[in-house]
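Naming follows writing order (A, B, C and D), and every chain is counted from residue 1.
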Amino acid sequence: MSAEHWLFFFFAGVAVLGALNLILQRHPIHSALSLILVMASLAVLYLLLGAEFIAAIQIIVYAGAIMVLFVFVIMVLNAGEEERTSLSRVAKFVGLPLAAVFLVEVCYVLYRAWPSEQMVVPERFLGRTEDIGKALYGEFLLPFELTAILILIALVGAVVLAQKEP
Amino acid sequence: MLDFLWLIPALPLLSACVLGVVGWRLSKRVICTLGVGSVGLSFAASLGMAWAFFQLAPEQIPIRSSYFTWLAAGNFQVEVGFYLDQLSLLMVLVVTGVGWLIHIYSIGYMAHEGGTYRFFAYMNLFTFFMLLLVLAGDYALLFVGWEGVGLCSYLLIGFYFLRDSASDAGKKAFIVNRLGDFGFLLALFLLFRTFGSLDFDTVFGRAAVLPAESFSPGQAGVLTAIALLLLVGAIGKSAQLPLYVWLPDAMEGPTPVSALIHAATMVTAGIYMIARSHILFAHAPLALAAVATIGCLTAFYAATIGLVQTDIKKVLAYSTVSQLGYMFLGLGVGAFTAGIFHLMTHAFFKALLFLAAGSVIHAMNGQQDIGKMGALRRKIPYTYWTFLIATLAIVGAPGFSGFFSKDEILWRTFETGNQVLWLLALVAAALTSFYMFRLVFLVFHGQARYTPETARQIRESPRVMTWPLVALAVLALAGGWVGIPAALGGANRLARFLEPVFASSHALVQAQGQTILHSHEWELALMGLTALLAATGMGVAYAIYILNPELANNLAQTLRRPYQVLVRKYYVDELYFAAVVRPLHWLSERVFWQAVDVRIVDGAVNATASRARDLGRWARRLQSGNARSYAAWVVVGAVVILSYFVFS
Amino acid sequence: MHVPLSYYLILSAILFGLGVLGFLLKRSIIAIFMSLELMLNAVNLSFVAFSYAWQQISGQIFVFFVIVVAAAEAAVGLAIIIMIFRNRASLNIERINLMKL
Amino acid sequence: MSEWIGRHPELLVAGLKAGVLIFVLLTAVAYMVWFERKLIAHIQSRWGPYRVGPHGLLQPLADGLKFLFKEDIILTNVTSRFVYLFAPFLSLALALLAVAVIPFGPEEFELLGTRTGFYVADINVGLLFVLAVTSLGVYGVVLAGWSSNSKYPLLGGLRSAAQMISYELALTFAVVGVLLLAGTLSLREIVAGQSGTWAGFLPRWHVFPQFVAFVCFFVAGVAETNRTPFDLPEAESELVAGFHTEYSSLKFAMFFMAEYAHIITTSLLVTILFFGGWLSPFPDTAAWNFTRFLPSVLTAVLALLFFRDAFRLTNQYHRVLTFLICMGLAGLAFLLLHPTALILAQGPFWLLAKTGMFLFVFVWTRATLPRFRYDQLMAFGWKLLVPLAVLNVFVTSFVVAWRAD
């Protein structure tokens, strides 16, 4: 067991536990916190995978902005514990088993497609910031601009939606 | 010059489109100018064509001008192309010329009617289709014109569509024509199947080389079948027995319409078509005989009905039917030239008759019952004299146009040894003169049978109406002089003009028919006989309707039964109603509607609908509106797709 | 001794499955929205893993785009949620099964 | 375990450095409070704390003890007990975490057989790391305010959430300007990039070309730390104590320390980004060589001051204490004359000196400026700072592009 194994298994476990907690917790805030936990541990895994910029972005944007919005909304709406209604039998009796099946299938496919010979060597960093910057402003320039426009639209949309009716 | 052949039909079509689309916002003056001017121009164009045509050397005729390919399906090819030979040239001249006069007349006649733009749009459209019909270079295009004139006739018969009788008559004409067109279509199919084309040249070229088929129905071949089917079409269009019933009712339309369509041009389309396919008929003696027989019977039959009709236009309608019968007779005995000759003259005098009658009706403001007329001679002199000339022409008074054409038909009938037909036609001629003069006397002579205040309103029609009458009168008088037979020292120019077209068939028919006593003396004698009979008919009419008018009623009393039969037109309409219409009604209502439509068709549709509704009722549960359920369905789909990829 | 790549992928699969479970199980719209984000994150992880596997930057670019789009989505989605709460006074998705108010 | 650590000495070193740093930082935080109180007192022509120890130098210890012994009130009707307890830890942890990547000096030295330098972690996206951690900083405040289940904290939390997110934008945009010049995200390289001088005397610090960015960054930093004039989340006159109204004793202390740690971090960042970090303001030439002795000289001067106090003060304990401090400082001054120490001390000395200057500015503003109104705050952030920063980014990028070719 090398340090990487420790790190991977520790943060993978944290991520999975956080995700489970997200589902099990009945209060939105707790779910949000556990999701933030998942994101943080994912950021560490990104670092292990050599994607330091993505890791930073993950924290700054996801944990630092998006989730703050979530928490903010939860606070504004003062959302309490969710009530345990079960009006959708389909979700319970069809969805859940099939979701499990789905999970198994995906794992099977992935394991078949990626035998455990392929190792992750932390020294091979490729997600250096300048590489990503070059790619973004070179090859992916158009999508980048488009996402900018998308953001603008979303901004306007959010403002229009959330403003109080005059 | 002849390159602009297309101009002739194009002009009326153009003005028809203009009038039809924007006519409602044009002033009456513009409408009339457009409607009449277009036909006039196309008449001028056809005159120019004729002039150019006469310059041509015989081997350049006929002229074929193909414009574009209309249909191309496999080896079935239809060229939109025109075919100008002597026959079609004659038809074009008649159609445009007479049509033009009638258009002019219509200006006055329709002056006080509404919807002038509709009227002229239809009339121009009709002219276009008629010209298309006579200029067509193959059967397909001819059929287009054929159907087009049928459509226009329907539209114009039902011109006063607020009158039920008018619209019914329009429908009747349309439906009865369908029966004939059905035969025509079958003929076309058969033609294509036999000759692989509908083009005149191809068809006639291939038909000419075939041997003439035998007379006996047993061995009659495909040509006979084709000819007979064509005959069915002609019967429908030209109102022969047994499909003549629509024509009398067609008199519901405005009188110029009756003159143009139901006297001069459209109803002669059948004759033209038979004449056009003379080669086929010449090769099918049986069909030819059928043509002759039907024509003769129709001539006689319609004449008898004409005897007792009291509606001025109905009388003329029946006389039209009977005259068409004469033309059929002429064609049937192989005297195609004679048939066409009579077609031409008939176009002149019958159009004149109708127009004059129209002018009478116009003067009597709408009154059509000859029983309520009389002594109009002084009041409307133009009308009277023109009507008289036309009458003389139709009864075949010597020197008048009808005389030559009718006598040629009769003579050729006799000559080709169809004595029975000849006799029948002769009697019909006598009857014709009787009912025509009955008409003249009842309308213009004797004492007035209308109230004085009506009398005061009676006026001669305006010039725009009377001048066409005069022009047509001249034609009715002199139109026949182009065909003065050799027997009278004439040089039958028309016959020689048309000879190139019909030469082959004439020869063929001559070869078949045994010609007895072929001499001018006999011809002259027969002419005298017909003239004598015509005079007799006139005399009888004079005796009955002028000398002692009550005699008519006494006759009607004494011969009540046959009189009734004639008045009721042999109960043919009733017969058709009982034999055709009623069963059809029953079939449609009980079987097709209540059984087939309601049970099967609607049943199937409703069943589909209700199955769909049940399905929807079941599938509605998916759309519970519960997002979690939707998510579950999404998962289901994902699992299915993924499993497909995993296990395949 | 390094960590096999497939571990990362399977981890992302597990996270994705958990996200699906959350989507199916949670009642509060916000929680469902969060499970959605969880799925996105799982996908991101696999993206990064693949981009590592093939030593190609584009995978991380995609993650970048996913994050950006997720931000936009969160903005609009939360605005919608606020609207819903205003009109329904409830965040329970099962109480919001009518498409009209 | 132990032999595993033996195989990985770098972990031990990192742990060691982290411990030292945290100790230093917490001490600094404690004495930051003392500094603030003293300074404000003098600005308001008061004495400030002077009872506990000479010049009240022991006041921080007293405060710490006081916090420890205060009753630790744990509310029972909190919205979420876990969050309520978790929030203060979070904010303090994050505040301390940000310092981990701050380099204090250029030199490297051997420690337990591993080469290392004046930093806990030198990651080449250090700046991003700092930004990430600060962006997480908002959670502590928000969660605390929300979980207290009370009006004022909730309002405070909402306010601070909005405020921090808004000003984080300006902060980041201001940093972008520097990034364009430095072309790297590693703090060490950013500092190294500022070495040298313009025209022989003016140091190549980013503050000169990036003055606008510096202003934006500093103002936004002040706002990020919820200090006056941006201290609406804890506006005493409106919200009692804002988001930490319902916290007492040690948990309150955590928020308190977190805030001051934030202040220090921000000052450090400003120094590193705009003021050349550990670089000496004097040109690196023989003529200015004597400036290398400034650390020890200043320490000696300080020692002399304390020496004088040792006689002026009346309280016996204070005299003794002051004398001891004077001795210690004098020893330090002599130690700094040792060649190695001389070299090693340069970086930290200058860095801390500049940072101290900014700490002074922090306190100064608090002592002078009034508080914003909420709408003014938002308008200022969105309508002035952000556009200014963006404009700066535009101009800078144009200039950089123009200089590139």
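The definition used in the following text is that a contact is a pair of C-beta atoms (placed from the backbone, for glycine too) under 8 Å apart; a residue touches a chain by one contact, two chains touch by 3 or more.
Because the structure is predicted, anything quoted here is derived from the model rather than measured.
Chemist: Compute the shortest path length in steps from chain B to chain D over the network of touching chains.
Modeler: So the least number of steps between the two chains is 2.
Chemist: Need the most distant chain from chain D, centre defined as the mean of C-alpha atoms.
Modeler: Chain B.
Chemist: In terms of Cα-based centroids, which chain occupies the most central position?
Modeler: Minimum centroid-to-centroid distance belongs to C.
Chemist: Between A-D and B-C, name the chain pair that shares the greater number of C-beta pairs in contact.
Modeler: Of A-D and B-C, more C-beta pairs in contact link A-D.
Chemist: Roughly how far is chain A from chain D, going centre to centre by Cα mean, in whole Å?
Modeler: 32
Chemist: What whole-number Å value describes the gap between the mean CA coordinates of chain B and chain C?
Modeler: The answer is 81 Å.
Chemist: What whole-Å value do you get for the distance between chain A and chain B if each is reduced to the mean of its CA atoms?
Modeler: For chain A versus chain B, the centre distance works out to 86 Å.
Chemist: What whole-Å value do you get for the distance between chain C and chain D if each is reduced to the mean of its CA atoms?
Modeler: Each chain's C-alpha centroid was found; their separation is 36 Å.
Chemist: What parts of chain D, by residue number, touch at least two of the other chains?
Modeler: none
Chemist: Chain A: which residues touch two or more other chains?
Modeler: Chain A, residues with two or more chain partners: 53, 65, 74, 76, 87-88, 91, 95, 99, 102, 106.
Chemist: Among the residues of chain B, pick out those that touch two or more other chains and give their numbers.
Modeler: 624, 626, 628, 631-632, 635
Chemist: Which chains touch, pair by pair?
Modeler: Those chain pairs satisfying the definition are A-B, A-C, A-D, B-C.
Chemist: Quick check: in the complex, which residue numbers of chain B touch chain A?
Modeler: The touching residues are 624, 626, 628-629, 631-633, 635-636, 638-639, 642-643, 645-646.
Chemist: Sort out for me which residues of chain C touch chain A in the complex.
Modeler: Touch list, chain C to chain A: 1-11, 13-22, 24-28, 30-31, 33-35, 37-38, 41, 44-45, 48-49, 51-53, 55, 57-58, 60-61, 63-65, 67-76, 78-83, 85, 91-92, 94-95, 97.
Chemist: Spell out the residues on chain C that touch chain B in their complex, using ranges where they run on.
Modeler: Interface residues on chain C, with respect to chain B: 20, 23-24, 27, 32, 93-94, 96-99.
Chemist: Enumerate the contact residues on chain B facing chain C in the complex.
Modeler: Residues of chain B touching chain C: 624-628, 631-632, 635.
Chemist: Okay, in this complex, where on chain A does chain D touch?
Modeler: 3, 27, 29-30, 33, 36, 52-53, 56, 59-60, 63-65, 68, 71-72, 74-76, 128-129
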